[in-house]
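Both complexes shown next keep chain A, but they swap its partner, so chain B is in the first and chain C is in the second.
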Partner chain A sequence: MTDAPILEAIALDKVFRVRRKGAPHDIHALKNVETQLHPGETLGLVGESGSGKTTLARILIGIEEPTRGEVRFEGNAVRSAEGWRELRRQVQYVFQDPFTALCPTMRIGAALAEPLAIHGICPKPERKDRVAKMLGLVGLSADMAGRLPYQLSGGQRQRVNLARALMLEPRVLICDEIVSGLDVSVQAQVLALLVDLQGKLDLSLIFISHDLRVVRYLCDRVQVMLLGDTVEHGPTAEVFDDPQHEYTRKLLDAIPDRDHAARISKSALQYG
Partner chain B sequence: MTAPLLAIEDLVVSFPSNHAPLHAVDRVSFALKPGESLVIAGESGSGKSLLCRSILGVEPETAKVAGRLDWKGKSLLNLSVAQWRPLRGAEIAMIFQDPTAALNPLLTVGRQIMDVVRAHRKCSRNEARSRAIEVLGTAGLPEPEHRLTSYPSELSGGMRQRVAIALALSAGPELLIADEATTNLDVSIQAQIVTLLHDLRSKLGVALIFVTHDLDLAAEVGGELLVMYAGQPVEMGPVDTVLADPCHPYTRGLLRSAPTARSSRRTPLRPIPGQAPKLGAVGDGAPFRDRCPVLISGLCDRSRPGWTEAGPSHRVACHRFEQDGRDGLT
Partner chain C sequence: MNETMLDTGCGPRPARRTGYLRRHEIGPGLALGGVLVLAIVLITLAAPFLAPADPYAPNLMSVRQPPSAEYLFGTDAVGRDLLSRILYGAQISLIVAGLGMLGSLTFGTLMGMLRGIGPRWVGPIVDRMIDIQLAFPYVLLAIAITSAVRPSVPVLIVLMVLSGWAGAARVVRAIALQESGKDYVKAAQIIGASRLRIAVFHVFPSVWPSLAVLAAMQTAAMIVFESTLSFLGMGVQPPTPSWGGIMLEGKNYITTSWWLTLLPGLAIMLTSLSLVLIGDGLDLRAKRLRQRAAQT
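Entry: the complex of A and B
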């Protein structure tokens, strides 16, 4: 990959100060974390619960401030409010939970038009058109615009979330556990959609998931996190086929695997 | 031959409606002996949770349960509260998908487990305390004796789920029902819990019902597999056999939808087109007909298929399979 990174985290530290039994207590959520996302690639972020994936994502879009370190977009450190505003247009974040991400009383059409209004980038009469086009792009019919979130299935809601994030034609999309709660057949539909959109829109993706099967399927590179540290990163095939770190091996061993399970139960039959 | 602990035959769970009752679980049959395991797979809305809840007699008020549902030879249908007391949470225990629902946020972990222990067995506080430590340890919670005084809010999601499992184990159940109990957990914790369930079966002879929509995980759990679609059983057999030789178009579709531990990058996934039917929309035909690639028109839209043998203890409910065998499948 010779292209310069589009989005970078440089030496990020994040300390949360909480009170435990009245006394202040520090949680070191990120320790000197570096991340690079290149144009057009998909980077997988994996690691157990609490390892800092969401915190990293939140810092990358500026809704959390790092204790140390900086975020660079297209090579430039993002510092001013103006810089963050521009970044938040180019970098979109799709939430962990498809059921709470949408406002329950706002119709789908209005929810999709909202980012356009906030950034004031599309004249009002044209917004309806843009919304209908976007719904089509994520495989939903235009009449969905009149519906409320509770009238959609889990997979449809996740499509709406993606559509909303794509309204501003961002260059980077950060997806945080967006398929975890979905049935496999719906999950497959959303994954296929992501691959399709990436091709059509020239998107760079950061994909956070605890399902390593999905990460292997989707990602070019993977970064493995443990307790706020990066323990390993590299091309997905290399990391999965020849893990260097003990923790990565442990994670990979824990992936449910029908072939592996069948072998074990056969040998159990033979010897037990 | 050991007698089954749990015997279910033609179990139907339905909801009344203005027209005919809506069948959410439609004629499911199986039996479980001590130490055996049944994995129930199917997408959301296929009736897995309602099936589990009716076994425990905690189905929604409006639901009607019919068919045979026997525990140790006696029917579980229409039991009184007093008759349920020695069974629910004691002989039969359940772990739910959401551990926060099972735990009381205002009581310490130790107190909750000791309450359950003492509700089902006469023993001193100290005995209940050591039993609580024991089950927390069995459920894989690190340093269980230090955790007795923790409140649920002080634990991470994975730890909370282990406390919920300990709670389910505390009265020494003979049947454990785990409804999507590991769905939201990390792979490593998921693997630990699956190992724990293996141990409970082999060492204590606990029978297990494990609900999941992840067929790879089903393979790790092992035992029998029941695939459900729109409330109906569509394929049944030993997990390995069914996954190595899936014979129902829906099971095959599910397997093609998900990337496996070995799928290479971006080999196209083939999602099942369309959506599962709404409750009550199946009617007389085959439940999968709207999404089936090998449908037989004139037959599948009119009659519900019966079981066809696909091998020793491997059964499939599909007209196409009955007519053409494996050659008829895609």
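Entry: the complex of A and C
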């Protein structure tokens, strides 16, 4: 990657102060974390629960403030509210839980038209068409616009979340474990959709997951996190084929079905 | 409830959910309260047609007559027809209570929303205001204010707002705080929604059902509050009839002319009771509807 990164995290520290029964103590969620996203690439953030993936993503979109460090967008540090507003025109975020990320009282069409209304992007009469077009793009029928979130399945809701994030035609999309709340068969559909959209819309992606198979399938580069630290990063193939860090190796060993399929077919042959 | 739990059949439930009331989860309390309140409102509106006499016209020839065919509710100390006074008094009492409720809910909702999703620094200020208001005995506050300002209907409404807003604010604050922690509020932030927009389009719709419950409850409380103040001589001023005022005028004769206090008292009780029935019914209905939504 020779082009300049579009989104960067510089030396991020995040400390959560927790007060639970007695003395407050600190949780160090991120320790001096750096990350870079280049135009057009897909960056995978992997690590176990509590490793700081989500915190990092939330700082990148500005709904969490770092204790130290800064976020840079196209090389400029984002500091003011105005700066974050600018960033959010270009960078969007999809939440992990499709059931809580949609306003329960707002119809799908209104939810999708909202970003357009807020940013005054297209005149009111055209919004309906834009919404219908976007629904088509994420594989939903246009009559979904009249429904309320509780009338949709998890997979459909996650498609709506994707659609809402894409309404502003962002250049960067941050996906925080967007398939982990879905059934396996639906996961595959949503992931395929994501790959398809990335190609069509020229998106740069930050893809957070603890499912390494998905990361391998999807990502150009991968950054492995453990307890708020980056333990390893590099091109996906390199990291997966030749892990340098103990923890990465353990993660890779924990993938179910890895080499397993081969073994099973062998034993099946023996019995046969 | 148990029956529904046992009903494990797939597909739409059998005929039990048919019928308008069932489908909309309108329980017996809500239905009864609704009918009563509707009747009371209609009667109040029709007071000029229903009242058998002028509520202001004294008749010193027939003073403190007990209820009879001629005077259905009897007459008061200066011979005015009690039924007419109660009917006209209903207009005053309900209008004042309704306006008081509207003011109190509006102010309470604004403060609650401000606390729930406003800037962080207003939080403690609103919280302390609510605490102070809830700790302050409102009748005492009313006495203090009406001893400084001449009591009148606008003053009465201000007093109602002062006494009621904190209760509403507390409920709205709880809901707004709960909702504002959810992902969809953050999602709205990310697509660039302003705080005002989030408050109006995303959080307020979740507050709305509770406001309906609050409205019924607060109207009941306001009717009692109006009566209390009028009874203490600090509310609606004579000769204008109001339920509390009629009781005040009748209290000196309570040992001999029971109808002067009992009948307006019953009017107050019946009205506030049916409003409370509506409030409880709406609350229950909201819970049932949530349960039903969770099942699907």
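Everything that follows uses one rule, which is that the second predicted complex is superposed on the first by the 258 of 272 C-alpha atoms of A that agree within 3 Å, B and C clash if a C-alpha of one lies under 4 Å from a C-alpha of the other, contacts with A are read in each partner's own complex, and residues count from 1 in each chain.
Operating definition for what follows: a residue touches a chain if its C-beta (ideal position, glycine included) is under 8 Å from a C-beta of that chain, and two chains touch if they have at least 3 such contacts.
Quick caveat, the model's predicted, so the values are computed rather than measured.
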Partner chain(s) touched by A:Leu168 [first = chain B, second = chain C, both, neither]: second
Contacts of A:Ala101 with chain B and chain C, given as first, second, both or neither: second
Touching partner for A:Ile255 - first (chain B), second (chain C), both, neither: first
Contacts of A:Tyr150 with chain B and chain C, given as first, second, both or neither: second
Comparison of chain B and chain C by chain A residues contacted: B
Which of chain B and chain C A:Leu135 touches, first, second, both or neither: neither
Residue ranges of chain A in contact with chain C within the complex: 61, 63, 85, 88-89, 92-93, 95, 97, 100-106, 114-115, 118-119, 150, 161, 164-165, 167-168
Chain C - residues contacting chain A, complex: 182-184, 186-194, 197, 201-202, 205-206, 293, 296
Chain A partner contacts - residues on chain B that touch it in the complex: 43-44, 156-158, 183-191, 194, 213-220, 222, 239-240, 243-244, 253-254, 257-263, 265-272, 275
Residue numbers on chain A that touch chain B, as the complex places them: 48-50, 153-154, 180-181, 183-189, 191-192, 195, 210-214, 216-218, 236-237, 250-251, 253-262, 265-266
